[in-house]
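Several structures are given next for inspection.
Heads up, the next two complexes both have chain A, just with different partners, chain B and then chain C.
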Partner chain A sequence: MTRILFSDKLDNCVTRWQSAGFSVIGPVTKDTFSSYAAVEHASDFDLGIVLPDRSLKELFFPQTEPMLRYTIKQQAINTEDFTPPSGKRLIFGVRPCDAAGLSIDDPLFGWDYKDEYWFQRRNDSVIVTIACTKSDDFCLCTSLKLAPDTTNGSDILLRPLENNKGWQVEELTDRGREAFLTIAEFLQEGSEPAAPMAVVPEMFDLDTCVAWLQNPENFESKFWKDISMRCIGCGSCTYLCPTCHCFDIQDEGDTYSGIRRKNWDSCSFALFTMHTSGHNPRSTQSARWRQRIMHKFNYFPGKFSVNSCSGCGRCSRQCPVDMGITETLQKISTLHS
Partner chain B sequence: MKIVGRHDEAPGVKTLRLEFQDQEDHEQFKKTFRTGMFGLYGVYGEGESTFCVASPETRNEYIECTFRQSGRVTSALANADIGDLITFRGPYGNRFPIENFQGKNLLFVSGGIALPPTRSVIWSCLDQREKFGKVTIVYGARTVADLVYKHELEEWQDRADVDLVLTVDPGGESPDWKNKVGFVPTVLEDVAPSPENCIAVICGPPIMIKFTLISLKKLGFDETNVYTTLENRMKCGVGKCGRCNVGSVYVCKEGPVFTAAEVSSMPAADL
Partner chain C sequence: MITQEKYRSKAKKLLADGSVKMVIGYSPGSTADRRRPLFVRSFEEADQLVLDSNCIANLSGYLVTEGLLSDEKRVAIFLRPEGIRSLNILAAESQLNVDQIIIFGFDSIGREVSSLSGEHAGEFSELISSIKENPPEKSSEPLLYQIEQMNPQERFAFWKEEFSRCIKCYACRQSCPMCYCRRCIVDSNQPQWVNTSSHTLGNFEWNIVRAFHLAGRCVGCGNCDRSCPVNIPLRLINARMAAEVLESFDHFAGMSTTQEPVLASFKKEDSETFIL
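Here is the complex of A and B:
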């Protein structure tokens, strides 16, 4: 017997969570475009999609976010720090790859200066993940040694029932347990079997790829030029990525008042690393694509012992020129290191 | 920080001297600042720019920064007046371990607008001159006008305990130029300082660093005795924003000061 949350009780749960003070968020499709967004009712969720177009990252690390406000009056400068909006959030129907993305970035935002914006939102959020029973041609979690029911970064894991009428509930953290205590009366004991997990074929051998990347001789391999020849440097892959975390800091305002903001930036852009002198350490698109791959599978794991990729496949799925991490690593895995 | 001094160094290049407005911040700076570290200097409404702290650790009553007016932030800094307030975030990064240089000869090699970080080390050592051996400085710029800290160059030239070699790129000399003409690495090979018991500190544009490292190798310098500073573009200064890294190294956290041995282990194409 396991605890079951039946779909027809989901709306009761949403209402209960809301009255317990949670803002309830989940996958929502608007027109033809899907993202994690706040909902009023369970019927607003779109739980049928493989995964939302946009990743979960932006709920923790928004595309743009104010850091401080300044006012200058007769030589006196006043600054006021922005505190991140706090408030409990329950994010329902998260995909395992998106949840794993959060746990991948935790050490980055925590080393040296601890990013209070990130951690405030992490502490305020309950991640209720639904394991994947379907996938598409771009999903690659298994190639990253993760799985359609990976629990990294999740507080609750729900496994869809075979009869598609609800989910088995697995409580993973105290935070998840607490949030599900409020809806205990809507849960039932049951023996309904869980649906089989999505079958995500392994598309490359990660260890072979990493060995190739770690070989310094391959840094200037012609491979990089060939693979990135059609990259237009639009940055979509980095913006949609659940783990890409590069940002820029810009002031918006005038001499008297304004806001200092943190904005998403991208290693795909030439200006990202351009020196004042005009010298650019990553002066070609191939150097920038190499940086992205190296950072995710060589540098980042070297520092934080985890790959900076959770296998969601958005970079390949939505690339306007049909490139992506999958193609690159697939090709690398066939090269001899 | 309040601007208390302002000096034109070369066309488009200025030095600002800044004083702390907050006693506690100043005490904190005195405790942490060591030569080689950098900071983010800013003007609200324009943004922040990264430069080294150009003043030495032996003179920590103030901060000096030297920069070329080029973009939005540096233009705002260049237009700021004495008495104006600007922001400073730092000091960040690692340092030149000058206590390990004691008793050794010092060779400083620098090019153009890269003299400021070198100058911080030079003065940090000259302010305790007795602790170090022979001091040689090789400094070059594109043209005579582009040499920065001209008043200090004169001072070093006049000092008996400092060997200063000045050079300008071919074509950059003026009719009354009495010093060398030639690129820094070539001039360095002519000067041929002995690698014996010598620490080299080099700083310059990437192309100069590249060829100076080759020249030093030719002269017999061991890579572990050669220090440089990699001043990459930065935004956060605390290892998050993702742009300063060379290979797996975050310049803002693990640098900006590296030995030549460390630099050669980095992917050369990314420097």
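Here is the complex of A and C:
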């Protein structure tokens, strides 16, 4: 026997969570476009999509965020901090790759300086993940040694039953258990079997790729030029990626008053590494694409023992010139290190 | 298929006899209907070229890749009519020497692909004039028509909603053959003319700046619109600007390699309705 949440009880749960003080968020499709957004009712969720177009990261690390306000008057400089917004959130219907993305970035945001914007939101949020029974041509979690029912980063894992009847409930953390205590009366014991998981074929052997990337001789390989010739250097892959985390600090305003903001930035842009002198150490797109791959599969794991990719496939799905992590790693896996 | 074979052989011939150093075309992509840009430098690689109705992207932007044409060697490129128009503009704006470009022109109706006759930019002027004279039916773009019927408040609300999704990834700019500036105005930070933040104001600033810089230059290839990862209907903005310059100045972008840029030229008979 396992605990079951039946679909027809989901709206009761949403209402209950809301009265318990949670803002309830989940995958929502508007016109042709989907993202994680606040809902009023369970019927606002779009649980039928493979995964939302936009990733979960932006609920923790928004594209632009005010940090402080400054005013300078005569001799006096005044600053006023913007503290991260707080408030309990329950994010329902998260995809395992998006949840895993959060756990990948946790050590990064907590390494030397504890980023209070990230962690305030992490502590305030309950992640209720639904394992995947559907995938598309671009999903690659299994190639990253994850799976359609990976629990990394989740507080609750729900396993779908056949015919969208509901979900088996697996509580993973105290935070998840607490949030599900509030809806205990809507859960039932049952023996309904879970629907089969999505079958996501492995696209490359990750260990072979990592070994090639770690070999310093390959840093200057002709491979980088060939693979990235068509890359136009936009920020689409980085900005949709649930794990890309680079940002830029900008003062908006004038000499006397303004706001300091933290904005997304991308290693695909030439400006990312441009020096004041005009010299650019990463002067070609191939050097920038190499950086993105090296960072994800060599430098980041070297520091934090985890790859900076959860296999959501968004970078390939949305690339204007049909590039992405998959093609690059597939090709690397066939090279001889 | 016939057109694909014809151009494959032509690519092989030009590469083999050294008349071009590269052919820029399309290859199969990661799904059945995706095509990806391909840079062919040898006889053997030419067999990877595909040409069918899924070859939609305007590839002309690759011609201004830094250093590509500086050795004065020639490059061949697959272009649809809009691509040829954007090549004309690149030449008219002194971004390249058009004599270095061999055009593999093509177009498609439904799934049927046909080749265009001519291989140098100057040979397509009749075709381009006929496109100018026969604009697409209004009904082909119902959303544009719908927006034109809105009052200014409704229109503002419409675009505010659309731009609220913009993440400033600049895929629209990077994919646009007309956005070739080595340093875009939004990347200038001494002074910072345009906010880099992707909030409502910043997103408006960005999209309006781009719309103005494309006025009279956009050829309607749709690269920006297809590249936008958050599905903002960018083509509508540029189509509107194109209609505006056509009506006010009888200017149709990309007519020839010597066409004067509409916003950088002045004629006594220009209408001045917009000067208050």
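Operating definition for what follows: the second predicted complex is superposed on the first by the 336 of 337 C-alpha atoms of A that agree within 3 Å, B and C clash if a C-alpha of one lies under 4 Å from a C-alpha of the other, contacts with A are read in each partner's own complex, and residues count from 1 in each chain.
Definition applied: contacts are C-beta pairs under 8 Å (C-beta built on N, C-alpha and C of every residue); 3 or more make two chains touch, one makes a residue touch a chain.
For clarity, every value in this text was computed on a predicted model and none was experimentally measured.
Colleague: Once chain A of both complexes is superposed, is A:298 in touch with chain B (first), chain C (second), both, or neither?
Modeller: A:298 sits against chain B, while chain C stays out of touch.
Colleague: Contact-wise, after the overlay, does A:45 reach chain B, chain C, both or neither (first, second, both, neither)?
Modeller: Neither: A:45 stays clear of chain B and chain C.
Colleague: Quick one: classify A:72 as touching chain B (first), chain C (second), both or neither.
Modeller: It touches chain B, and chain C stays clear.
Colleague: Which partner does A:273 reach: the first (chain B), the second (chain C), both, or neither?
Modeller: first
Colleague: For A:248, is the partner it touches chain B (first), chain C (second), both, or none of the two (neither)?
Modeller: A:248 sits against chain B and chain C alike.
Colleague: Touching A:263 in the superposition: chain B (first), chain C (second), both, neither?
Modeller: Only chain C; A:263 stays clear of chain B.
Colleague: Do any residues of chain A touch both chain B and chain C, and if so, which are they?
Modeller: 248, 250
Colleague: Going by the contact rule at the top, pick out the chain A residues touching chain B in the complex.
Modeller: Against chain B, the touching part of chain A is residues 70, 72, 75, 77, 79, 108-109, 111-113, 115, 216, 219-220, 245-251, 253-255, 258, 260, 265, 267, 272-277, 279, 281-282, 287, 291, 294-295, 298-299, 302-303.
Colleague: Which residues, counting only chain B, touch chain A once they are in their complex?
Modeller: Residue list for chain B touching chain A: 44-48, 68, 70-71, 74, 83-85, 113, 205-207, 232-233, 235-236, 238-248, 253, 267, 269-271.
Colleague: Which of the residues in chain A come into contact with chain C in the complex?
Modeller: Of all residues in chain A, those touching chain C are 31-33, 53-54, 63-64, 137-138, 229-230, 232-236, 238-240, 248, 250, 252, 261, 263-264, 266, 269, 271, 316, 318, 320-324, 326-327.
Colleague: For chain C, which residues are in contact with chain A within the complex?
Modeller: Where chain C meets chain A, its residues are 29-31, 34-39, 57, 61-62, 165, 167-171, 173-175, 187, 192, 195-199, 202, 223, 226-227, 229-231.
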